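Structure below; questions to follow.
Labels A, B, C, D and E are assigned to the chains in the order they are written; within every chain, residues are numbered from 1.
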Amino acid sequence: MNYFIKRVLEIIPVLFIISFIVFVLVFVAGDPVALLLPEDAPEEAVETLRTSLGLDDPFYVQYGRYVVNMLQGDFGDSFRYGQDAMSLVLERLPATLELAIASILVAIMIAIPLGIWSSTKKNSSIDLVATGAAVLGKAMPNFWLGIMLILLFSVTLDMLPVSGRGSFSHLILPAITLGTGIAAEMTRLIRSSMLETLSQDYIRTAKSKGLRTGIVVYKHAFRNTLVPVVTIIALQTSTLIGGTLITETVFAWPGIGQLLIQAVNTRDMAIVQACVMVIAFFVIVMNLIADLLYQVLDPRIRYK
Amino acid sequence: MGKKLWLFGLLMLALLIFVACSDKDSEGDAEDTNPGKAETGDENDRTLTIAIGADMVTFDVHDHINTSTEAIHVNMFNYLVKRDNETGEIVPDLAESFENIDDYTWEFKLKEGVTFHNGDELTSADVKYSLERVAYGEELRDYTNYNQIKEVEIIDDYTFRIITHEPEPVLLNRISRIASGILPSKYIEENGFDHFLENPIGTGPFQFVEWVRDDRIVFEVYDDYFGGKNPDWDKLVFRIIPENSTRVSELLTGGVDIAVNVPPADWERVENHEGTYLAQETSNRTLMIFLRSTEGYPTSDQRVREALDLAIDNGAIVESLLGGAGVPTITRVAPGNFGFAEHLYDTYNYDPERAKELLEEAGYPDGFEMTFHSPRGRYLQDAEIAEMVAGMWAQIGVTANIEFMEWSNFVELRNAKENKDAYLLGLGNSMFDAANALDYYSATRFEGETDYRNDELEELLAAAMSNMDPKERSEQYVRAQEIIAEDVAHIVLHQESINIGVSERINYTPTMDEMIYVETITKK
Amino acid sequence: MPDSLPMQNNLVKNSKWKRWLKLLLRSKTGTVGLLIVLTIVFVAIFAPWLAPYEHSVIDPLNTHKPPFWMEGGDMANVLGTDNLGRDILSRIIYGSQVSLLVGISSVVLAGVIGVLVGLFAGYFGGFLDAFFMRLADSFLAIPNILLALVMLGVFGPGLMTLILVLGVTNWVQYARIIRGEVLSIKERDFVRAAKTIGVKNRNIIFSHLYPNVISSFIVVATLSVASTIILESSLSFLGLGIQPPQVSWGTILSDGRDYLATSWWLATFPGLAITIAVLGIIFLGDWLRDVMDPRSVK
Amino acid sequence: MSQLLEVKGLKKSFDVTRGLIKRKKQYLHAVNDVSFSVQKGEVLGIVGESGCGKSTLGNLIIQLLEPTEGEIIFDGVDLRKLPPEQLRKKREDIQMVFQDPFSSLNPRKRVFDIIAEPLKTHGSYNKVELEHEVLQLMDVVGLNRSYLNRYPHEFSGGQRQRIGIARAIALKPKLIICDEPVSALDVSIQSQILNLLKKLQKELQLTYIFIAHGLPAVKHVSDRIAVMYLGKIVELTTKENLFTNPMHPYTEGLLSAIPIPDPTARKDERRLLEGDIPNPVNPPTGCAFHTRCPYKTELCERVEPEFTEKRDGHFTACHHPLKEGKGIISQHEKY
Amino acid sequence: MNDILLEVKQLKTYFFTEDGIVPAVDDVSFNIHKGETVAIVGESGSGKSVTSLSIMRLIEEPGKIVGGEINFEGINLNKVPRMKMREIRGNRIAMVFQEPLTSLNPVFTVGNQLAESIKLHQKKSKKEAREIGIEMLRKVGIARPDKVYDQYPHALSGGMRQRVMIAMALSCSPKLLIADEPTTALDVTIQAQILRLMRDLIKELDTSILLITHDLGVVAEMADTVVVMYGGQVVEKADVFTLFKEPKHPYTKGLMDSSPKIHEWNEELVSIPGTVPSPFEFPIGCKFADRCPHVMNKCKEEIPSLIEIRKGQEVRCWLHSEKVVDLE
C-alpha cells in the first residue's frame, strides 16, 4: 500500500516534467498563426489573431496560463477543429485502445507459445526458426508490413476489409501489423527469461519430484516468467502507442495517432499537447498497473 | 496460476470488447451505413462511399480554407449562385435571379420554397446572416475574401441587395465558392453556433447524420431538396483514408466507390482493374516555381529566369512523372477562368541551347549554385518534379540544391520571407478569375519574398481590379499575362490533373473545381 | 563450496582476441551477424566506389525498369530503376551511409548522455538520482516515435536534426540500464574495496564502474542501432525522415510504397536491405550479450 | 601492547518501516550498543550466525556505513568526526579483506592494477617503483610474478583471495578487517589462506579484526574472540577461555553444534540449540537469547543482562553464566 | 549381498562442451545398502554433485551419461524409459538440494509444492494431499504446520525451508534420499538440527541416504560408508571408521589435515598445496599428482586403478597398489 501511494505520488512530478517538455517544444515551434490563415492574409489579420491567442505574451506568462488551464484539464481549443482539444483526444482514445489491446493480444498469442517453445528446445532448429521469425518481425517496418498485408489479404485474397474501423474483421489486419513487431520483442524476452528460469534450482527440484516436463515448464517455469512478461507488456505500451501512429495511418484507423500526425503537420499545438499528455498518462498508468501486478504475481516482493 | 493467467486473458478480452462496444454505441446507426462491400445488398446499393485523403476540418463554412472540406460541404449547403462547370458561366442556385444595379450594388431574388433540413424556409435573413458573418468576422479564415462586402440589405423575404465597399467585378465569383454556403440563421440563433457545428443543417441535397473524426462523415438524402430528391443515393459516406495505397486498395476491393487523389503509380492498376476506372480532369491548380527577383540573387536578372525556364522540358515532366495527365502552360490562368489567355496555354518554352546562351549573356557562363525549396507530398509528384527540374537545370550548368520541407515548415519559411532563390508551389483558384491568380505578381503583396516588380503590370492590375466592364477587364488581364510571361516572373510548369478512381457501377466525371457534386454521380 | 559445473576457467591460455574469435566462430548467428554488419559498414564507407551510378541522377526515359532477371530488365540496372529512373542498387548502396550514420551517431549521442547520467545518478543517488529518474520516467512515458515526430515537426526534418532528436529521445534507456548496473555494482565488494582504500569518487566512477557497465551499454546500443534504422524509416513514412536528395533506406522504402502493387522492386529491395541489416545487427547484439555477460564467461 | 581501536556504544539501525496506515516506525538494530577495544598486534575474532550484525560491525568500523550512534576511536581519533578529505587519507591505515573473492576484484582490471590501486591513491610512485612494489607484494602473498598482467577471472578462488590480501596489505595498514575471508573457499584452500593470514600477521605485526560465521576458522587465527547474537556481543574473551570455559549458553550451543570430524566421537546426547534465530526487527524482550536458551528463567524474559566482565578478561552478557569447563576442550588439554 | 539398494557401476558422465569433453564423472562405482548412509566427499569440481544428478537422470545438456550402470532395486536407471524414471523420481528416490531458498519455487505456496508429488505419486486428492502434507511438515519439526502449509517460501527462515525440502523429499517414503550438501547454506546451530532430523527420520522410514558433502565433520557424524572423490574419480572408499582412522590416499589425508580441529589445540593447519585444476588441466596420470606430496614419476604417467587394499577399503593410488603387489 505504502509503495502504491509512493508510486502514485511519483506520477505528479513526471506529468509536470512532461508538460514542461511539451510546452517548451510548442513554444519553440512558434507561431501557428501563419498556418491558420489563408496564404494571402494581410499582415494586420495575422497580428490580430496572434494577440487574441495570447501568443505575444512572454514565456513565463504563457507557461503559467498553460499550467493553470492544464490543471483544469483544459488544453485550449484545437486550431484546426476549433473544438476543445482534450475532448477531441478523448473521443479518439477508444479506437486507439481497441487497436492497442487487440495488438497486445495478438502479440501474446504469438509470443508466449513461441517463446516457451524455443526456450525448451534451446539451440534446436525450432529455436533457430522461432528466433529468426521473431527478429524478422522486428526488422520489418510497420507500414511496409501493413501495406503488404492489405495487398495480400484484402486485394488479392479478398478475405478481409482494407481499412477503417467497425466490425471485428476490420481489426484483424491492423492488430496483426502492430502485434507482430511487439510479439517479436516479447518472444525474445520470454525466451531469455524462460531460459533463465529453467536453469533455476527449483526447476531441478520440480524435475526431481518426477513431474512431467509439461508441468515443469508450464507450471513451475512459466509462472515465474510471468513476472517479467507482465513488465514487458507494460513497457511495450509506449512502443505500442508509438506503433499506432503508423498503423492507424496505413489502415485509416480513426484513433489518436492520426489526430496527432495531422496536428503535428498543421501545428495544432493544443491537440499535440493534449495527445502527448493523454498518451503519457496512459503509459504511466499501465506501468503502475504492471508494478501492482508484479506484487500479485511475485510473492517474494510481498514478503520483502 | 493457470486460473490467474486465464483471468488475466479474459480481463484483457473483456476490456477489448468493452472498448469496442462502448464505441459502437456512440456510432449509433453508423454500423448500418458501414459500407463493407459496396456492391452487395440492396441497402448498400443505394449508398455512395467516397474515400478522401484528409478529414474534413469543420462545419463552420466560413472558417476553413480547405478545398477538400468544401468538396464535402457542397453536398449539404448551397451557394446563391454557382459556376457551371461546363460553360464556366455563373448561374443561379439558391437565387432565382440577380442583377447588377450599380458599381457597388447587386440585387438578388431568392427561389421560394427552399427549405433547410429542419424544415425552416430560406429567407433573405439567412443570406444576410451568412454573408455578414464572414464579411465582418475578422477571426474567420475566409474573412479576407469577403470583407469587400459592406452590407447585405434586406428588401423583403426573398429579395436583398449586396453592397460592396469598392466596385467589385468578381463579386459573383466570390459568392460561388468556399464560405459562400448559406446558413440557417434562425436555427443558429435559437441553438447557438456550437450546436450548429455538432448538428449542422443546410439546404443541400444531403443532410448530416454523423461525423466520426478521421474515420467517416455520413449523410443521408434530403427528401425535400428544392432541386428534387436525389434518385440514386440514399446514403452518402465520406471515408477518410490518408494512405494512398490503402485508398486505392479500398477502391479495388469495392470498399469504396470513389477514391480521390489516386497516385500516378496506381493509375494503370485502377484503369485495368475489372470493376474500376480512372476519371481524370484538369484541375484549376497550377504548379509553379517562384523565383526571387531580389537584388543580389542571380534570378533577379530576367535572362537568368528565362534561361531557367527554357531549361525545363515541361512536356517531359508531364509525360514521365504524370503519365501525360497535366497540361504544360506558361500562364497560371487556366481555361474556364475569367481572363484566360489561350495563346499562353498548353504550350511551353524549352530550349536548353538558348538557355546556356542567356546564362552566358547574364554573366554566368559556368552556371551558378542556388537553393531550391520544395514541399513534399503536398502536390502530385511534387518531390519528383523538383528533383527532375533540378536535374534539367544541371544540364545548363546550374546547380540547384533542393531542400525539401515538411509543409508547415515550408509555410513558415515563406512567411518569414526566408525563402532563397526558388521554391516550388502549386496554387489553385477557387474564384475562377484572373484577379485572384495574378495578384501574386503585384509588387506590394510579395515584397521581401519574391520582390518581382513591373510598373506597367502594376497599373494594369490596379485598373482591372475595379473595372466593371468585363470585356475591357479581360483584355487587361490577357495583356498582364503576356508581360508576366515575357518577364518570366515565375516559372509556370503545368496545370495539375485531378485523378480519381471510380467504381464501374457508377458514372462520375470530376470537375475542375475539385468539388465532389454527388448530384453528378449516377448509377450505371 | 558448491559443485559448480566444471566448465569455468577454461580459456585461461587464450589471448583476448583469440578468445573473442573463438567465441564468435562458435556462434553461427554471431558470425553471420558480424559478417552482415561488416559488409554494410564496408559498403557505406566505399559507397562512391561501389555504386554503379550516382544515387540522385535521374533518367526520365528509363523509369520503372524491373530488376535484371525480369522481362525488360538488364544488367545496367541490376535491381531496376525507380519512378525517376534512378538506379535502385546505387541508391541502396548510398542509402547505407545515411542509415548507418543516423543509427550510429544518434546512438552514440544518446549513449554519451545516458551513460553519464546513469553513472552519476546511480553512484551518488539522492536528489540527483531522483531528479534524473523522474526525468527519465517522463521521457519513457512519451513513445519515442511520438517525441521524435513532434520534435521533427517543430524543428523541421533533416539529417542533423534527426540525429539530435533521436539522441535526445533515446538517452533514457541507457541511463536506466547503466544506473541499474551501477546500483548493483556499487554494492559489489570491489567498489567497496576501492572506497576503503580511499579512492576518489571520480576515479571510482570512471575506473571501476565505467569499465563494468560499458559492456551492457554496447549490447543495448548495438540493438538500438537496429531499432533506430527502423524508426528512421517510420519517420520517413510520416514524411519527417531524411529529406532528398539525401537518401536513406527508410526514404527509398517509404517513397516506393506507392508502387508496391505495380513496381514492387522499388520498396522491396530497400525493405530487404533494412531487414538484413537489422537481422545482422540483432544477431551481433545477441551474441555480444552472450559473450559480454559476465555470467557466461568467467 | 597499546590500544589501536576502541569502539564505544556503537549502534546501527536500518529503517524497515512498512505499512501505510498505522505507520509504526520499525527499525532493524543490526548493531545494538557494541563496545570493545583492539590492541596493537592483536587478532580479535568476531563470530556469530547470519544476521547477527557481524558484517555490519565490520563495515561500520571501516566507515563503509554510517553508524547511528557511538564512537569509533582509531589511533586516538574519532573517525566519525573527521572531515571527508582527512578520512579519505586515514583510510590507508584500515583495510579490508572481503568475503567473496569473485566480487571483490574488479573483473576489468589486471592483477597489477588491482594491487597498485592503493599505492597510486596514497603514494607517489613512478612506474618502475610501482611495479617493483607490486611484484614484492605478490611474492609476499605467494602469487606467481608471471600473473602480473592477468585478469581476475583467470584465477581460482584461493588465488583471488591472495590478490585481495595483497591489496589490503599494500599500504601497510595498522588494522585489517577480514570479513569472512575463507568462507567462500574450498576446504583445502581455506587452510592455505588462514595460514597465509596468520603468517602475514606475525611477520608484519598486523592487527586483525577477523569476522567469521563459524568458530573453526576464527579459532585458528584469533587471540580473543567476541561472540555476537542479534546485534550484540554476548561473550568476549580469550580464545582459550572461550573454548574451555564458555560462559554464555549461546557460545556453548555454538560449540557443541560443530560437527566433529571423528566418527568415534559421535555423541547423540549433544545439547543442540532449539529453534531459529528470532527476527531481528522484533527481538525478544529481556535477554534476546532467552527463546532458545535451555537455562532461561523468568528473569531472562524480563531483564536484559548487562555485558560485564565476569572473570578476569572474560566479558559476557548473561544472568546465569555457565560454570567453568563447559567447553569442548578440557582445560588440561591446553597446549 | 542381497540388500543392495543402489549399485552404481563404472558410471561415466561427460560434458561435451565446445572447449572439449569434460569427464565430470569418470568410472565411479559404489553401492548403497538398505538403511545405509553413504557419503560422497570432495571439493568443487570433484564430480560428486554430477554423480548424484546422474542417478536421478537429471543431467542436462551438454552433459550426458556415457557409460556404466545405475541399478536401483534391480532396474538399470540408465536404461528405463523416461515415463518409468518419472515414477521413480520423487517417489522411490528423492532429493534434497543445497540451497533451500532457490530450490523452492518462489511463486507457489509450500503446500502447493509439497502436495504436488503426493498427488502425483500417491494418487491422492487435493484434500488428502493437504492432510498428508501437513503431517509431513509436523514430522520435520515445523510448529504450526497448517499455517506454514499455506505460506510462500520467502516467508520462512532458511532452516524452515530446508525442513520443508526434507518433508517434500520424504513425503512419498522414498527408499533412497539423495542429499546434496543439505546443510552447507545453513548456520551451524541449524545445521546440527537438520542433521539430527535427517538421522531420526531415515531411521523411522527405513530410508537409505546418499549424502553429498565437502565437510568431513558432517561425514563423521552421519555416514556409514565414505566415498572420497577427486577430479571425477573415486580416490578412496571405506567405512567411516576405517577411513578416519587410517586414511590411505594422500588427498584424503590432506583433506583431513587441512580441516580445522575444533576440539584440540593445534596451531598449524596443514594444507594441500595448489588448487583444483580446471577440468581441462588435470594431469594425464593420477589426477592428484600435481598436488601430491608423495608424487612419483609413475603417478604422472599412468592413472592408478581403484584397488581394495583390505576388506572394505579401496584406494586409487600408486603408493598403495605397489604395496599390494609387494604383499602378494
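We adopt the following convention: a residue touches a chain if its C-beta (ideal position, glycine included) is under 8 Å from a C-beta of that chain, and two chains touch if they have at least 3 such contacts.
Listed by chain with UniProt protein names: A, C = ABC transporter permease; B = ABC transporter substrate-binding protein; D, E = ABC transporter ATP-binding protein.
Remember, it's a predicted structure, so these values are computed and weren't measured experimentally.
Of all chains in the assembly, those touching subunit B and also subunit C are A. Among the other chains, the CA centroid farthest from that of subunit E is the one of B. Counted by C-beta pairs in contact, the busier of A-B and A-E is A-B.
Distance between chain centres (mean CA atoms), subunit D to subunit E: 32 Å. Averaged C-alpha coordinates put the centre of subunit A at 53 Å from the centre of subunit D. Computed from the mean C-alpha positions, the centre of subunit C lies at a distance of 49 Å from the centre of subunit D.
Work out the mean CA point of subunit A and of subunit C, and you get 22 Å between them. Each of the following residues of subunit B touches two or more other chains: 1, 245, 249, 406, 408.
Looking at subunit C, one finds that residues 1, 9, 12, 153, 257, 260-261 touch two or more other chains.
Shared contact sites, meaning residues of subunit D that touch two or more other chains, fall at 156-157, 186. Across the complex, subunit C meets subunit A through its residues 29, 134-135, 137-146, 149-151, 153-155, 226-227, 230, 233-234, 237-238, 250, 253-254, 257, 260-261, 267, 271, 274-275, 278-279, 282-283. Subunit D meets subunit E in the complex at residues 49-50, 156-159, 186-192, 194-195, 213-217, 219-220, 253-266, 270, 272-274, 276-277, 328-329, 333-335. For subunit B in complex with subunit A, the residues that touch the partner chain are 1-2, 4-5, 9, 12-13, 15-16, 19-20, 22-23, 30-31, 34, 36, 54-55, 57-58, 60, 63, 65, 138-139, 141-145, 197, 212-216, 239-243, 245-247, 249-250, 252-253, 255, 406-408, 411-412, 414-415, 439, 445.
Those residues of subunit E whose C-beta lies close enough to touch subunit A in the complex are 53, 56, 58, 61, 85-91, 94-95, 97, 99, 102-108, 113, 116-117, 120-121, 152, 154-155, 165, 168. Subunit A makes touch with subunit C in their complex at residues 10, 13-15, 17-18, 21-22, 25-26, 28-29, 128, 131, 135-136, 138-144, 147-148, 151, 155, 238-243, 245-246, 249, 260-261, 264-265, 267, 272, 275-276, 279-281, 283-284, 287.
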